[in-house]
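Comments concern the structure below.
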């Protein structure tokens, strides 16, 4: 059953050094506040899984939290490179980063298989490409009816999944809407989970009969962190801060400017700092 | 792109003798009006796919439309036997019915694989049972990572899928809500499709961002048939007529009473007969 | 003592086995009555899932089918059927599954497929439905069945879903990690698997039932646990809640017609 | 003739290739501008899908990312990402996919993974994202890329997504039934695959561009079709709609900050 805790407590209980951690959110609802908390608590030797590593993992990688990255697209969407990710892969700074590289289709299928309790996923993918030459986790299976060779990949079964959602109720049921990404699958595939939410409500009230909900008994920890997806967005709450993404390019380009930014904005702050973004943006949208 | 036609025209264009037809609806939104139309148009030698054959296939089987049934549970829910299905399997009346028998999990996975364009589905199923002794379409695949044997079944790829939904708009987009069953998968897995709906609206209006919708370009034919799911139900329109299910037990028990009922209620009627059920029930619910 | 029917004893005994933290995959009929009785009495927090996709549903009346509108309207949410079988059942998120059948053997394997040969059946039954995977994916299985020589048989005509297979460690040897049938609740007694042989063994006899009656209604030599209890009779409260539920159901189903 | 930039010619040439009945998988940047230009001009019925799960979306401004709120709010509906890749892309429901890359070869294979050796990259690029399966699952592929010797190369450092593989029937021999890249739209010209060799071949040259310019910006010996057309320059209307779209986008993105 879901426990409602502070973000600091939830990270303390759920995330251990050496864990495999999937922080998901496909452009929308990226759990940035939780990422900062993991950095502040100094977790090390993490294997990070994420389709689009994005700013959130650029920060974790640059701060030395990760030993390995499992991913499918490592860029700053619409802007360019993830400089900390590149610095780690190209120059081994702050230390060597192992990578396991997939396509989006493979990653999505691997989460789906994890949620479905299967050891692997099969799909029609990777044909003719070089991926299998650099990733031994890309294998194949022969369809026992048609003989067709299908790509096979192991299911994602992270130790911890971390997501951000719009709302939870007091029983720890979590409701998401809009761009859904692979968040539901990531939580169901993981052994433990942390869900940060914009707000905890008494009752979800009227909603679609098929609303996307993670029942409380499938969720580990719920923490209320308004604005916790900033600079990504929470549909119905605040828009994506596209300028932040553009500015990150300059901030992250050099090691010094990156470290200075992280000190001021992460190490010396707490999750409550995100509330300002939520408030500010919500007001602006009105 | 979806074409909006009368049910009679849609069945005439989409369903041919010898076709493999999947008429889906899991308790909810069962396309009974379309079933009657197929019977009236005298289609023969059909292979019928459906998780829960139910009254709709009891009628098609009893009227001699089907050569083969692919299914996972053939009963009258909460009531008992499907007498026409049993008469066909046990006594070959009106003629011999070939059966291919699965579990619900297998059928659901087979539709999912069909919608996903895969030749087969893998899942953890059938372990220790006798199904594979009577169904050569149950095979296995070895996980290339763990060595685990998983059940494999061919994807469903029907010639035609037939479903009933609450609403379509004028562009042929189809919206479903409530108990969703495998209808979306059945339509996406099929080469052609017919969707009967309670009503065709100008615009769906405000709805969940993640409303379950089949876009018009994935749908073949749309026909407005109010009450077309009777005696099953359409969430938001009319409830299930449980008494009809109970009474079907007596109607269908003997060949004569069955044929008499079909003559009066199907052969001598048209799809418009269903509107009465919709109206009556909608009024009763108010 | 209040007067009650054997079916009521059976339903109530099954309901008692459910707790607040259970996530229960419910079938139609007796399991549905038992699960909702538990929810409406001692286990208000029990989570009920029907294979139509309704998660955490709280019907006020018993559904006739597994996907009645009532189940959907009172659910936390409703998912599509492929998701139900993949994420929820196969994903290992259900602690207890209820099953029943036309035939059961002493290792609690079940047949709901055919009586007689498969190709020339004496009775063609509905088939497996969700059972083959419910039997192996749920944490444990409760079986509810009225006893009789035609249903409690030495050998099944078809294995639709497995219990303890051939006993001992034969289930685990198939690579299955779930417990399988931990309780068999009948109109006469409660059975549990023997820890070693896994044969279903009487651990409690319902009030007024004799061992002779049990044997007369079982197609194999019935075994008894070292200590056999007497089942507590239904309490006034249990009967009241169960009968209210049935009365409410009859009223609503009459009205809807 | 109206004044325009090579990038505008490229975007407009790509937009012209889309029709009302197309279902188009759109990436961010030039493809997004081209697809929305088509929708706002000659092909109002074109269906746009972004890999974030937004089906039939009609953004009024160009999104910076593939999953901006604007895409979701104006979509017919939004599905989860696993469904997007399984039912929609792999399911064969997309007629046209747009791709680009850091490197392309003469058979329109693409590299968006690394420049230099994989284990010791000179430049670590973002990686494949949706491309490996877009390239094989969409009915056909349009590639948009500005030309240059560092991007139009003889040999890719990594094959992230395939075009016509090694030409001839080598793509079909992999069991792939889709057409692959049918158009390569650059800032200088339009290429189409030669029917036999499948080498990308110039079929149309943009106004004011010379063959010498094309060769100077291509790392292989460029081939030309028997008949090479001159690309129609952007019309006033095309430029107006495209520039309006960019201006609206800049305004909204400025405001949101």
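By written order: A, B, C and D. Residues from 1 in each chain.
The rule is simple: contacts are C-beta pairs under 8 Å (C-beta built on N, C-alpha and C of every residue); 3 or more make two chains touch, one makes a residue touch a chain.
These numbers come from a predicted model, not from an experiment.
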Response to the item:
Chains in contact with subunit B and also with subunit C, listed by label, are A
Discussion item. Of the chain pairs B-D and A-D, which one is connected by the greater count of C-beta contacts?
Written reply: A-D
Item to complete: Would you mind pulling out the distance in Å between where the CA atoms of subunit C average out and where those of subunit D do?
Response: 57
Practice prompt. Could you give the separation in Å between the centres of subunit A and subunit B, each centre being the mean of its C-alpha atoms?
Written response: 39
Worksheet, complete the sentence: Whole-Å distance, C-alpha centre of subunit A to that of subunit D, is 28
Item to complete: Would you pick out the residues of subunit A that each touch at least 2 other chains?
Response: 112, 116-118, 123-124, 148, 178, 180, 185, 209-212, 235
Worksheet, complete the sentence: Residues of subunit D that touch at least two other chains are 72-73, 78-79, 86, 90, 137
Worksheet item: Pairwise, which chains touch?
Response: A-B, A-C, A-D, B-C, B-D
Response to the item:
subunit B contacts subunit A in the complex at 116-120, 122-124, 137, 139-146, 148, 150, 152, 154, 177-178, 180, 207-212, 235
Discussion item. Which residues of subunit B touch subunit C once you look at their complex with the stated criterion?
Written reply: 26-28, 51-52, 71-75, 77-79, 81-82, 85-86, 89-90, 101-105, 108-109, 111-112, 123-131, 133-134, 148-149, 178-182, 184-185, 212, 233, 235, 239-243, 245, 284
Fill in: Of all residues in subunit B, those that touch subunit D in their complex
1, 112, 115-118, 173, 185, 188, 209-213, 215, 217-218
Worksheet item: What residues of subunit D sit close enough to touch subunit B in their complex?
Response: 21, 23, 47, 55-56, 72-73, 75-79, 86-87, 90-93, 137
Worksheet item: Quick one: in the complex, what on subunit C touches subunit B?
Response: 28-29, 51-54, 63-69, 71-73, 78-82, 84-86, 89-90, 109, 113, 118, 121-133, 136-137, 158-162, 165, 171, 174-176, 253, 256-257
